[in-house]
Structure formats: structure tokens, C-alpha cells
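Each of the two complexes below includes chain A, the first together with chain B, the second together with chain C.
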Partner chain A sequence: MLEAKDLMVFYENMLALNNISIKCDDNQIVGVFGANSAGKSTLMYALSGIMLDIQKKEDMAGGERITLTGDVLLQNRSIMDMKPSLRAKAGIILCPERRRLFKESSVLENLRIGGYLATRAEAKQTMEYVMEVFPALIKLKKRLGGFLSGGEQQMVAIGRALMAQPKILLLDEPLLGLSPFMQSTLIRGIKVIQEERNISVIISEQYARPVFPIVDYAYILENGAAVMEGTREELMDNPDVKAAYFGVS
Partner chain B sequence: MSTQKLRKERIDRGIKVRSDGLYALMSLRELSYLTLPRFVLIAGMLSLPFLMPDMYWQRVISIVCIYAILALSFDFLAHYVGLVSLGGAFFIGTGGYVAGILNSYYGIPPVLTVPLAAIIGGAICTLMLLPCLPLKGVYFAIVTLMYPLFMARIIEAFDLFGGTDGLAGIDSFSSAFAEQYLVICTVLIFLFGLRRFVTTDMGLIFTAVMDNDQAVKASGINITKYKALAVFIASSAGCMAGACLTHIYMWSGISQFALDFSILPIAATVIGGAGTLAGPVLGCFILVPVSELLRDFGTLRIVFYASVLVGFILFRSDGIMVFMQRKYEQFERWTKI
Partner chain C sequence: MEILVYGTINSVSLALMGLGFAMVYGISRVPNFAHGALYIICGFVTWTLFQIVGLSYFVAIILSLCVNGILGMSMYRFVLIRVRGMSISEIIASYAIGLVILEGLRFGGFRGMTYTLPVFMEGSLMIGGVPVDYHRVVMTIIGVALVAGLWVFTHYTRIGLALQGMAQDERAAMMLGIDSDFMAMVAMGFGAVLAGVAAILILPLGNIVVESGYHVLIMSIAVCIVGGLGSWMGAFFAAFIIGYAQILTVVYIGSHFQMVVAILAIILTLILKPSGLFGQQKELEERV
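For the complex of A and B:
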């Protein structure tokens, strides 16, 4: 469904993504794992089109020159030149790293802002659905985004992304800085959402163990290149992967 | 179908890389590469009074330098301390009045009033701005914008220091050359002094306060104290410019609190290149003479100003200085991906 072909991103002369080709089919959860500076966030920005926006801003301010080559395909149609807002309309919704909630708005308002692209009925239905998947949010409806704990913020961020009616949900490090309990709660929630809403999910993380049980296919990035890929079972059996991303020696 | 893809890359010039290190000391070529831009600026500015013998243009040079000092102080505060100041008029007015009072009431000669105005005026400005320094955000900009209006109205309402007529009959500098070399040297000293200063330990603290004041506080540093120090440096520069202005016109009055002094330095900073310190000076050398040339068009000058400003923000928001520096230090070429 969503596919990146030979994607390369340069920040000035630094190669951030090196010939990456990844693919995410319908109703699949794809994991992208890698250490800091492996290129996970750059990949997410390139897929969601935010990179075009960053590129334009840098260009206007005379900053870094960002070069993008390769292709991003949505249902076999190239969307490489598509603006991020249009990509969102086409169903590619990014839930950004470090959540980026609207801190001065309440949980309910945060979710409503996310529903800008949805019809009124869809928004109402999705709002109820988010409360159903993350019941912890019911009591927090009126609380401001900045006063939530990390885990609650992440729930709102995922909820906000869902409100935009995604076909493909891009989750950039959703487990960043969360307790193991909260991590498993969220991962279960993401699995439930993927199954019940029939969407595809691309999820990036540093540490693979909590995410691995739900992914169908995974890529491992190192220094901007995809060094390994495979289904869950294939990667599980690989001793290198085990050592580096599961903490098993 | 295989299309060959090309990408434009920026590479540092060899001579730039070599002159970054100790190698520069061993070769005349590298030494001159390093000193050429600075030499052009210094020599150019020092020879201006000779190149422009016309009285009118000599006055313009002095005004340019006064604006350049203001632009330097704005750039320093905004891009090295993170305080956006709209207080150019406040600094000029305070410095101007302090110099005027010292000269006309106490008979102190200009040689002493200029440095005294810098110190006393800087202290007054810092004290008046002190209450808003612990705050973060737009408060500093609002307060600095409000003070010149406030001062002008107070002087007008209470008829202080000559009221609306101002203080007339102030001594001028001994000669036109003395006047011009004073302001030119002040600009050069502030320019190179600040450039050096921002790389010292204290300059690092200023930059850190701009980036993340909480982390600086957590390192056990009193940020209000440092902000006050930065405001003192910037406002003394502005007050010194104000004192020079008073002695140049032999008059100080409430028009020294005019907002032109706040706005033009900002425009010059945008055009010259924010955060480069040399850029704002360059911006003043472009904007002020152009505005003099356009004097015939009256208030339409403002239209020209505004369009230049908008144009620069849209198409060259890095500013002339950054652009030229990049051309001087780097070259571009196409490479295969």
C-alpha cells in the first residue's frame, strides 16, 4: 500500500537515508528499528511529507540544503511531490516523535483538532472509539495537554492521529520514555486499533522487544541504511538482531 | 530507464580549511585570506571621511554609524542573549538627554560626557528594564517599546529639561573629523569587541540562556544577573550613540525618543544578516544612505523600506552577510548521487 523506493535524503552533505526501500501492505504492522541517528525520524518525515516542508523552510532561511531522491508510492501512485496536507488527506497520518500535543488545549480539544479532516459523524464515532481503546482518557477529558503524564500524552497523540481517519498510521517512537507497563498498554492498544480499524501501521522504535510481538514485518536501520529485513520469525531467529535489539546475548 | 541524478553540494574551500588551523600563520596567502574581509571593512570605514568631503554626506556618515551602533546592540541582544529589544529609541533618548544635561547644566566637555553618558545611561536603562528580565517571552520587547513613549510624554507633560523645546546650545565636537572618527571608531570597537566577547565564557552563558534558560539555572547560574549585564552592555552602546547624536546636532529633545531609532536597526539586521554582528553594520551602510537619496520622495521612503524588508524576508532571509560569507568560504558543485 505505502512503499518507499530507493529513498535518499541528504542534509547538506550528510547522508541521512541511504537507498531505503520499504513496503507496508494493507492491514499490516511494519516495524522500523534502529539506534539514535539511524534515520528513523527522517524516514517518517519523508513518508509523511513533512520533509518537503522542512526543506522549503531551510531553503527560504538559507540554511541546510536538503536533497530528496527516490520515490514514495501510495497504492502504486507516486506521492513524492505531494504536500504533507494532501498526503494527510490521502490517509497518511504521522504521530510525531515526542508527541507534540497542543499543550494549552484540553484532551478533548486536542482530539477535535485532529478531526479536522473527518466528517462530523466520523469525528464523533472516532472520539468514542478512542475513549473505548484508552479508557484512561475518559476522566482526563478536560485536562490540559501539558498537564498529562507521558503515557497519557502518547494516548492522546495516537487518538489525535486516529481522528484524522488514517489509512496508514505512522508512529514515530511512541514508547519514548515510558514505563514498561505503559509500553505494553500502548502496544496492546495499537494492535487493537490496527485490527478493528483495518489500517496499516508503521512504527519506529529504538528498542525492539516491546514492539516486536505485534509486528508482521520489520526493517532494521543502521546509519541510514536498511541492513536487515524480514518477518517477525525470521528476525527473531537472527543472533545479531537478538543481541543488538533485544538485549539477549 | 536510468536517469543520472545530480545533487548540488557545498564544499569548504581548501584555503578556508587550511586557514582554520595553525597553518594560516605559516603562509602569507592564508593570512591574507583571513584578514582581507576585516581589512576591507576597517580601511573602508576609516577612509570614509576622506572619500566624502561634502559636509552633507559627512553628516550622513555620522548618522549611519550611530544607527550601526544601535543595530549592533540589537543584534547582540536578540541573537546572542535572546532578548528581542525594540528599545533603540529608549537607549538613544536616555543617552542623548544624559549627555545634554551633563553638558548644558554642568558644563562638562563632550570628551567626558560621551563615556559618562554611556555608563550613566546604561545604568538607568538597565535599572528600568530590570523588572522584566526574569520573564521569558515577548515582555521585554513590549516594555522596551513602551519606555521611549513613556519618557517622551513625561518630559513633555512635566516640562522637564526644556520640555518640548529640548536642550539647545550644547557643545559640538571640536571638528567634523573628530566627530566622524569618534563614531567610526566606536562602531569598529563595538563590532570587534562584541565579536570577541560572544566567544568568551560569559558569551557562552548568554547563548545558553537564549537556548534553554532552565538548564542554565540548573547549572547554578543566576540568569537575571547575566541578562542584566547583557542589557547594560547593549544599552551603554546605545546611550553612547545617543550622546554622540546630541553633540552632533548640538541639541537634545524628545524627537530622540522617536521610533525610527528602534525600527531602522531591526531592518538593517534583517538585511545584513541576523546573528553575524558585522551584517547589521553593513545593513545600516546600505539602508541609511539609500534613505537619504530617497529624501525627495518624502514619506514614500517608508514604502520603499517596507518593500525592501519584505523582499529580503521572503527571498534572502539569511541576509547579505551570511550569503557573502558562504560564497567566500565555500563553493558549490554538482555531484552524482
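For the complex of A and C:
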């Protein structure tokens, strides 16, 4: 469904993504694992088109020169030059790192803003769905986004992304800074959403263990390059992966 | 009583001036220094349509508001879009457009004291022993209704919510499919229409003179800085503070000090609380 081919991203002369080719099929959960600065967020930005906006802004302000080469394909059509808003319309919704909620709007408003691309009926239906998957949000409806805990914020962020009617949901470090309990709640939620809404999910995370049970296929990034890939079982059996990403030696 | 009545009226007219500026800045982070020019040009377009072309007053108003909206949108679409994100360039570019409009009008012969718009309703009534003409009453009511309407618009409509999202985190909004350039253009159009509404409500109280374009710009900047840049509710409250302060100055010190109040308010705010009265966004960031 969504595919990146030989994707390279340079910040000036620094190579942030090195020849990355990844693929996410229909109804699949794909994991992207790697340490800080491995290029996870850059990959997410390149897939969702936000990179084009960053590039444009840097260019106008005379800042860093950002170069992208390679190709991003959605259903075998190149979307490399597509604006982020159009990519979102095509169904690629990014739920960004650090969540970036609208802090001065209530939870309900955050979700409504997310429903910009949805029809009235879709928005209503999805809103009910989000409350069903994350019942914790029901009593927080009126609370401002800035006054939520990290886990609650992440639920709203995922809900907000769902409101945009994604076909493929990109989650950038959704578990960052959350308690183990909250992590497992969210991971279960993500799995339920993927199955019930028939969407694909690409999820990036530093630490593989909590996410691993739900991924179908995973890539491991190191310094901007995909050093390893495979199905869950293949990676599970790999001793290097075990040592580096599960803390088992 | 006089202070109370005229203070309120003055405050509402300041709020009207500042709303468009606050809205454009809040959403697109473009300080629209052509705001005063948009205000004046709306006055002159209405005057031309009404007096020269001979349309009915109501039709002339609607038409000139449309013209203003299109003007604002094309200002963004053709000029400001190129310097978006560089605040100094934005100021220079929008101020240049403002200068072209204002001085162009002056050059084109729109000067002197002969341009006036009719008031909506003749006559006056007494409020608590103070005579107030109907037009000022109408202006106050429309002004307050406009603020309420704007609040409803930004909290309950699709476009309004999208504008709010963009105002808070442009890139996060982009990820949800909100086209930031389109929204900034819409905001600019809205800002221009609001400037036009202010013009049509305020200008009938005096003459249309090019110079007041600069005056309106300074007042709207004052209101926005005191209220906290980017917060249009803040701008509304700040308008009341400055509005009453001005009337008090007129009554107790002298009318020629009126302008000093606005400038002083800017300076004091910048010294004491640079984020303004309602600059919550920044404060929240500092706390986190």
C-alpha cells in the first residue's frame, strides 16, 4: 500500500536517511525501531510529506538545505511531490512525535479539528468509536489538551488522527515517556483499531519490546539506514536483535 | 455615567479595529500591517459605490466588503505567501502594500473633508441621562454580536475549528489534512472583511480621511499587544482597557493626550508582561 523506495534525506551534507526502502501492505502493522537519531522521525516526515514543508520553510528562511531523493509510493503511484494536506486526504495521517495536541482546545475540540477531512456522518461515527476504544476520554471531554497526562494526550492524538479517516496511520513514538501500564493499554488499543477499522499502521519506537507482539513486519534503523528487516518471528530469533532491542543477551 | 457610556462605545470601536488584525496574526502569524489601509479602502469603495455609482447603501456595503475580502485574500496569495515565516519581511511587505493603498488613494485625489458615509439611523436616545445617537448604539450592538459570532464560528464550524488548529500548531494541523496556505488565505480574507466591517460602522461618525488608516493600524496593534498577540479574546478585553483609559484621559487630562494612552499601553505591556494579558500560549510553554 505505502512504499518508500531508495529514500534518502540530507540535512545539508548530513545524511539522515540512507537508501531506505520500506513497505507496508494493506491491513498490516509495520514496526520501525531504532535509537535516537536513527532517522525514525525523518522517515515519518518524509512519508507524510511534512518534510516538504520543513524543506520549504528552511529554504525561505535561508536555513538548512534539505534534499530528498528516492520515491514514496501510495498504491503504486508516486506521491513524492504531493503536499502534506493532499497526502492526508489520500489517507496518510501522521500522529507526530510528542503528540502535538492543540493545547488550548478541549479534548472534544481536538477531535473535531481532526475531523476536518471527514464528512459529518463519518466524524460523528468516529467520535463515538474513539470514545469506545479509549473510554478514559469520556470524562475528559471538556479538559484542555495542555492539561492532560502523557497517556491521555496520546489517546487524544491517536483519536484525532482517526478522525481524519486514515487508510494508513503513521505513529511516531506513541509510547514515549509513558508508564508500562499505559503502554500496554495503548498497544492493545492500536491493535484493536487496526483490526476494526481495516487500516494499516506504521509505528516507530525506540524500544521494541512493548510494540513487538502486534507487528507483522519490522525494520531496524541504525544511523539512517535499515540494517535489518523481517517478520516478527524472523527478528525474534535473531540474537543481535535480541541483545540490542529486547535487553536479553 | 458619561464615562461609562462613551467608554463602552469607544472600547467596542477599538475592538472592531483590532479584531481583524488579531485574527490574521493569531492564525497565520502574519502581522498584517496593511490593516489600516484595508479599513480605509473599504470606506472609499463604499463611498464610491454609494455616491458615484448610485447603488443603495446596503448593496454598496455588501459589495465593498466582498471587494475587501478578495483584496485581503489576493494580498496573501500573491505577495505574502512568498515571505511567509520571515516576520521582518512580512512586516515590510504588508506595510508596503498598506502604503501603496493609502498613498495611492491620496494621490488619486481622495483627500480633504468631503467624504462621508451616512449613518444607519438618524436621531439619538438617552442612556442614563447621556445623549447617545442611534448609530453608536447600533455600532456597539453589532460589535458585541460580531465578537460572539466569531467565538461561535471558531468553536463550532469546520473551517473555524481548522483555523483554531492552525493557530495553535500549524504543522500538526497540516498532518490532519488542513492546507495551511489555504487557511492563511481564508484568515487574511476574514481579517480584511473585519477591517471593512469596522470601517463601515465607525466611519459614518466622521470623515473618511487617508490619515486615519495609520491611526487605525496603531490602535489595532496596541490592542493586540496589550491583549496578547494571537489571542482575539485578549484583544477584545484589551480594547476595553484602552478604550476606558482613553475616555478617562479625555475627561480628566485633555483630548489631545488620547493617542498617548495607546502608545503608553504598548510600552507598559512590553515592559511588565511582554506576552500580553492573555498570551496564554507562551505562558503554558514556559511552565512546561
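Convention: the second predicted complex is superposed on the first by the 249 of 249 C-alpha atoms of A that agree within 3 Å, B and C clash if a C-alpha of one lies under 4 Å from a C-alpha of the other, contacts with A are read in each partner's own complex, and residues count from 1 in each chain.
Keep in mind that, in the parts below, contacts are C-beta pairs under 8 Å (C-beta built on N, C-alpha and C of every residue); 3 or more make two chains touch, one makes a residue touch a chain.
Just so you know, these numbers come straight off a predicted model, no measurement behind them.
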- [ ] Return fit or clash for chain B versus chain C, each positioned on chain A through the superposition.
- [x] clash
- [ ] Examine A:Val192 and indicate which partner it touches, taking first as chain B and second as chain C; both and neither are also allowed.
- [x] neither
- [ ] Check the residue A:Ala61 against both partner chains and state whether it touches chain B (first), chain C (second), both, or neither.
- [x] both
- [ ] Classify the contacts of A:Ala244 with the two partner chains as first (chain B alone), second (chain C alone), both, or neither.
- [x] neither
TODO: Using the superposition on chain A described above, determine whether A:Met131 touches chain B (first), chain C (second), both, or neither.
DONE: neither
Open item on the list: For the three-chain arrangement built by superposition, which of chain B and chain C touches the greater number of chain A residues?
Closed with: C
Open item on the list: Once chain A of both complexes is superposed, is A:Asp53 in touch with chain B (first), chain C (second), both, or neither?
Closed with: second
Open item on the list: After the superposition on A, what does A:Glu104 contact: first (chain B), second (chain C), both or neither?
Closed with: second
Task: Touching both chain C and chain B, counted on chain A across the two superposed complexes - done: 60-61
Open item on the list: If we count contacts the way the header does, which residues on chain A are in touch with chain B in the complex?
Closed with: 8, 10, 12-13, 60-63, 65, 67, 69
Task: Sites on chain B touched by chain A in the complex - done: 5, 7-11, 314-319, 322-323, 326, 337
Task: Complex contacts: residues of chain A adjacent to chain C - done: 48, 50, 53, 57, 60-61, 83-85, 88-89, 93-96, 100-105, 109, 112-117, 146, 160-161, 163-164
TODO: Flag every residue of chain C that touches chain A in the complex, lowest number first.
DONE: 82-86, 155, 158, 161-162, 164-165, 168-169, 171-180, 182, 280-281, 284, 288
